[in-house]
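Heads up, there are several structures right after this.
The two complexes that follow have chain A in common; it is paired with chain B in the first and with chain C in the second.
Let's look at the complex of A and B:
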C-alpha cells in the first residue's frame, strides 16, 4: 500500500507540470482560438537558455529569469506568426501551423543543444516540502501543482469576471469583429502568447531534471498537456487541472508496476481516446454549414 | 472520368519504365540508384499521408507508426521464415497496418481536425515507446531481411520498389476519380453536403484511414528490405511530424507532390552532408515551407500546376453539346404522394421553428414552399433530409416512414436536397461532382444533363465555375440521381431574370423527364407561379395557406406575411 502511495506521490510533480501546461493550452485556445502543438517546445527553448547559462557558469537565479524571458520571447514570436498570417484562418489550419512550427523548433533546438547529448540541468527546488502518511512530498510537486492551481484560478477569474477577459473571449471567436469594436487584437494576442510562454517555461524548468533533458523529449510533453486539456474539453480550467494531475499520478502508479512501467507513455493516448469517444458521442456534423 | 484515369496511368507507366530501364541498365552510379530507391520509399509514405491529410483534410501525425507496423511485420515474417518472400511479406505488412489505421480512425468518425491530430500524435508517442521496448525483430541478432533474388542488387531493388510505387500511384489515381475519391473531397469540404448525396461519413473516413495505413505499411515493409535491419528510430515520432510538414508543403496527394517530397527528404540531407553542414537543418526548411504553404493555401504541386497551365496554350473545355435524348432515363416511382408530412414540429430550445406543419407533394408534380425569411423553410428541408437531431411528426417518402434514418440513408432512399449556400468541394471537377451525386451515369448522359441545365463541360474544375452556375450544378446533381423527391432550396437566388425563366422551364420538366417530384423553396414569385401546381405558405413556422398558386398568392394573410403590413394600413 505504502509503495503504491509513494509512486503515486512521485507522479505529482509530473502531474502538476501536465496540469500547468494543459491549463496554458486551454488558455491559449479560449483566448486566441489556437490549439498549440508547439506549446511545450516554446517552454523548452526557455529552459535550454537556463541550461546554457548555467553550464557557462552564470549564477542560477538570474539564469532562470533570463530563461523565462527567452521563453516569453519565443512565445511572442510564435504568436506574431499566428496573428500576422493566420488570424483569419480556420482552427484546423492554425493547428497545422503549430505542428509545422513544432517541427521547426525541435530541429533548431536539437541543433543548438547538441542533439541527444545529456545536459546538466540544475534542480531548482530540491528537497521535500512535507511528509504525507510517511511519504515525502517534494517541493517541486507542491510548487507545480500550486502554480497550476493559481493559474487556473486567475484564468477563471480573468475570463469570467473582467472586462478585458470578456474582450479577449470575443476576440477568439471573431478577431475581425473584435478589431472593429476597437479592441487591440494583435497586442492582446501577443500578450496571451507571451504569458503562456513564460508559465510554460517555468513549469518545464521544474520538471526538466526528472526527465532526460533533451530538446525533443521536453517538447513532446505537449502530448500529456493536450490530453489534460481534452479532459477539460478545452473549456474548463478546473477539469484540465484535475486531468493533468490525475495523468501524472496514474503514470507514477504505472511506473511502479514492472510489467507495464515500460509502456507508461502510452497512457496519454488511452486517456485521449477515452475522453474523445465519451465527449463526442453526440456530435454528428462538422461546423461547415 | 475513366479515360482521364487511364491517360494518367499510362503516363505513370511510361515514366516508371524509363526510370527502371535507366537504373537497371547501369546508366547511373550505384549510389544514386540507392538514393533514388529511398526517394521512392519516402514517396510511398507521402502518398499514404496525402490520402488522409490532402484529400480528407485530417491532420494525421502517426504515419510512420503505421509504416513501423508494416516493417515490424516484415521483420517478424522473416524471422519466422514465412513463405512467399519479400513481396508477399510487404503486402502482409500493409495489411497488418490496416487494423491500426481503423482503430485510430474509429474515434475520427465523429472527430475531426484538431482532435484527430491529438489522437494521432499521442498514438505516435505510445508506439514510439512500445517499439523501443519490444525492439525490431532480428535487431538484436543482426538478422537481415533478404531481398528477392531477382532484385538483389541496388539497381534490382530500385526496380522492385518502383513496381510498388507505380502500382500504388495508379491505384490511387483510379480511386481519386471514383465516387469514393469524390466523397473524400466532399467530406473534407462539408460533411452535411456529402451526406446529402448519400455518402456515409463513417465509411468515407474509415476507408481513407484504412487505405492510408495499408500504403504506409507497405512503405515500412519496403524500407525493411532496403536497409536490411531496422531500429525503432526509423519510425520515430519526429519522422511522422516532419513527414507531415513535407506533405503539407509539397501537396502529397498529387503524384508529383509525393515525388518532390521524397526528393526533398532524401536529397536535402545528402546535399548538406556533402557540404559538411549539419543535416537536420532539413526539418527547419520543411517547417518554413509548410507554414508558407498553409499561409498561401497553395502547395508546391498546385503552384507548379498553375504555372504549367499558364505556359500551355489555353484550351477551354468545349461547352457540353449533346442531344436531349441522351439524358438519363426517368426512374419510375410509385404513384400517390411522393412526400407526405404530418404534424411536423421542430423546436430549438424554447423557440418553435416549425409548428404542426402538414404538407403533401404528389408524385409527378412540382410543389412550392414559400414564406418570408425566418419562416422555417430551410428548417423544413433540414427535417425532411435528416439534418436535425430531433423533430415531432411523421415524414413519409413514397409511403415509407423516414423516422430514425440518418441523412445519408434518407438521401439513398430518395429524398435529395440542394443548399442555399454553395457546398460543392472546389477541388472536384464538374464531372467528378456528378459522379459523387449519382451512381452509374454514362459519359454521354452526364454531358447531356449538364447541357440541359447550361452547366459547363465535365472536365471543368468547380473552382473556376461562377457562383450562379454552381447553384445550377447543385440542381444537376440532385436531378442526376433521379430520386423520389428533390428539395430545391432557392435555386434561382443569384440568377438573372432570363436565367431564372430558363431554370423555371427546366424545373417544370423534371417530373416528366426524370420521374422525380419537386418541392421548390423560392422567393421569386414569378418562378413559383410559373412552375408550381400547389403552393404552401409558411409564416413563423405555421402553415398560413395552401392550394393552387393563383388562389393562394392573392390571400390577404399571405400578402401581409410578405409585406409585413395589413393592406388597409398600407393604404393609410
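Let's look at the complex of A and C:
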C-alpha cells in the first residue's frame, strides 16, 4: 500500500507539469484558436538554453532567466508564423502547421544539442517539501502543481478582470470583428504565444532532471499535455489542471505495477481515446438508434 | 469636417474583378447610400474599404490621408468603423463587455445607451442571447464608441422586422446629424433613400448612378431600370 502511495506521490511532479503544459495549451486554443503541438518543443528550446549556459559555467539563476527569455522568444517566433501566414486558416490547418513546426524544432534541437548525448541538467529545486502519509513530497512536485494552479488562477483573473483580457476574449470569438474595432490583434496574439512560451519553459526546467533531458523526450511531453487539455475539452482551465495531475498520478501508480509499468507511456493515448469516445457518446447513441 | 474619398477603386476576389473603377465621396453630416442587386459588389466594396480584403488598385483617403495599404486595425484607428453584415457581436461577452471592447479613451458607454436605451436593461446579458434587433443596435453602438469619422454599415436591415429597421434608420440619421460621415449599403432602397443624402447605384461592380437620394426616391421606375440594366 505504501509502495503504491509512494508511486502516486512520485507522479505528482510529472502531473503538475502535464497540468501546466495542458493549461497553456487551453490558453492558446481559447485565445488564438490553435491546437499547439509545438508547445512543449518551445519550452524545450528555452530549457536547453539553460543547459547550454550551465554547462558553459554560467551561474544557474541568470541562466534560468536567459532560458525563459529564449523560450518566450521562440514562442513569439512561432506565434509570428501562425499570425502572419495562417491567421485565416482553419483549425485543422493550424494544428497541422504546429505539427510541422514541432518536427522542425525537434530536428534543429537534436542537431544543436548533440542528439541523444546526455546533458548535465541542474536540479533547480532539490529536496523534500514535506511528508504525506510517510511519503516525501518533493519541492519540484509542489512547485509544478503550484505553478499550474497559479497559471490557472491568473488566466481566469487576467481574462475576466483586465481590458487586455477582455480584448483577448473578443479576439478569440471574432478575430476580424475585433480587428475592425482597432484591437491590435497581432500584438495580442504574440503576447499569448510569449506568455505560454515562458511558463512552458519554466515548467520543463523543473521536470527535466527527472526525465531523460534530450530534445525529443521533452518535446513529446506535448502528448500528455494535450491529453490533459482534452480532459478539460480545451475550455476549462480547472478540469485541465485536474486532468494533468491525475494523469501524472496514474502514470506513477502504473510504474509500481511490474506487469504494466512498461506500458505506462501509453496512458495519455488511452486518456485521449477515452475522452474522445466519451465526448462523442451522444452522437454514437443517436446513430445507433 | 471629415471626408472619405474613394478614387478609381478596384477590388478582386479570387483574382476576379468584383469592384471596378469606383469613385465615391462621403462627407461628415451626410449619408451616402449604396444600392444594387445581389452580386453588384456592395459588400465587397465595404470589405475593401475596411481592409478585410485587399484592394487591387485605386485609393481610399480619410481627410486626405491614404489608408488603402493599412491593416484593418490601423484603418479603424484612422477613423473608419465598419458594421459588418450578419450582426457580428462577440457572442460570449455581455452587452456591456461588447461596448467596453471598443471604448475609445475619449468615449463614454453612456453615449451608446443614449442612442439605444433598449440596451440598458440588457447590459448584463450575453450578446448571443439578444434579439436580432438588439444585436444590430449593439454592433452600431459598439462602432460608435471607437470615435469614428466615417461609419460603413452593411445591410443592417437583413432579417429584421420593419419597425426595428425604421428604428435603426432613425438612429443612423441621428449619428450623421451629429457629424459622422455614413456610407450605408442597403437592400431596403426606399427606407435608405428616405434618410440618405446621396445615392450610388452599383451594377456588376461599377457605379452606374450617382445622384441625390430625393430624386431617386421619386423615380422608382428609374431605380428599377438602374438595378436591372437596359
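The rule we apply is simple: the second predicted complex is superposed on the first by the 279 of 289 C-alpha atoms of A that agree within 3 Å, B and C clash if a C-alpha of one lies under 4 Å from a C-alpha of the other, contacts with A are read in each partner's own complex, and residues count from 1 in each chain.
Operating definition for what follows: a residue touches a chain if its C-beta (ideal position, glycine included) is under 8 Å from a C-beta of that chain, and two chains touch if they have at least 3 such contacts.
Every value quoted in this text rests on a predicted model; they were computed, and no experiment measured them.
Once chain A of one complex is fitted onto chain A of the other, the partner contacts of A:227 are limited to chain B, with no touch recorded for chain C.
In the superposed model, A:111 lies in contact with chain B only, and not with chain C.
Looking at the superposed arrangement, the partner reaching more residues of chain A, out of chain B and chain C, is B. Contacts of A:177 after superposition: chain C is touched, whereas chain B is not reached. Within the superposed three-chain model, A:131 lies out of touch with both chain B and chain C [touch as defined at top]. In the superposition on chain A, A:169 makes contact with chain C only, while chain B stays out of contact range.
In the superposed pair of complexes, A:161 makes contact with neither chain B nor chain C. When both complexes are aligned on chain A by C-alpha atoms, no chain A residue touches chain B in the first and chain C in the second.
Within the complex formed with chain C, the chain A residues making contact are 163, 166-167, 169-170, 173-174, 176-185.
Contacts from chain A toward chain B in the complex involve residues 35, 37, 81, 85-86, 89, 91-93, 95-97, 99-108, 110-111, 115, 216, 220, 222-223, 226-227, 230, 262-266, 268-270, 272-273, 276-277, 280-281, 283-286, 288-289. By the touch criterion stated above, chain C contacts chain A in their complex at residues 50, 52, 71-73, 76-77, 81-82, 84, 88, 90-93, 97-98, 100-102, 142-143, 146.
Residues 57, 59, 61, 107, 110-115, 117-119, 121-123, 125-126, 128-130, 133, 189-193, 195, 237-238, 241-242, 244-245, 248, 278, 280-284, 286-288, 290-291, 294-295, 387, 389, 421, 423 of chain B are the ones that touch chain A when the two sit in their complex.
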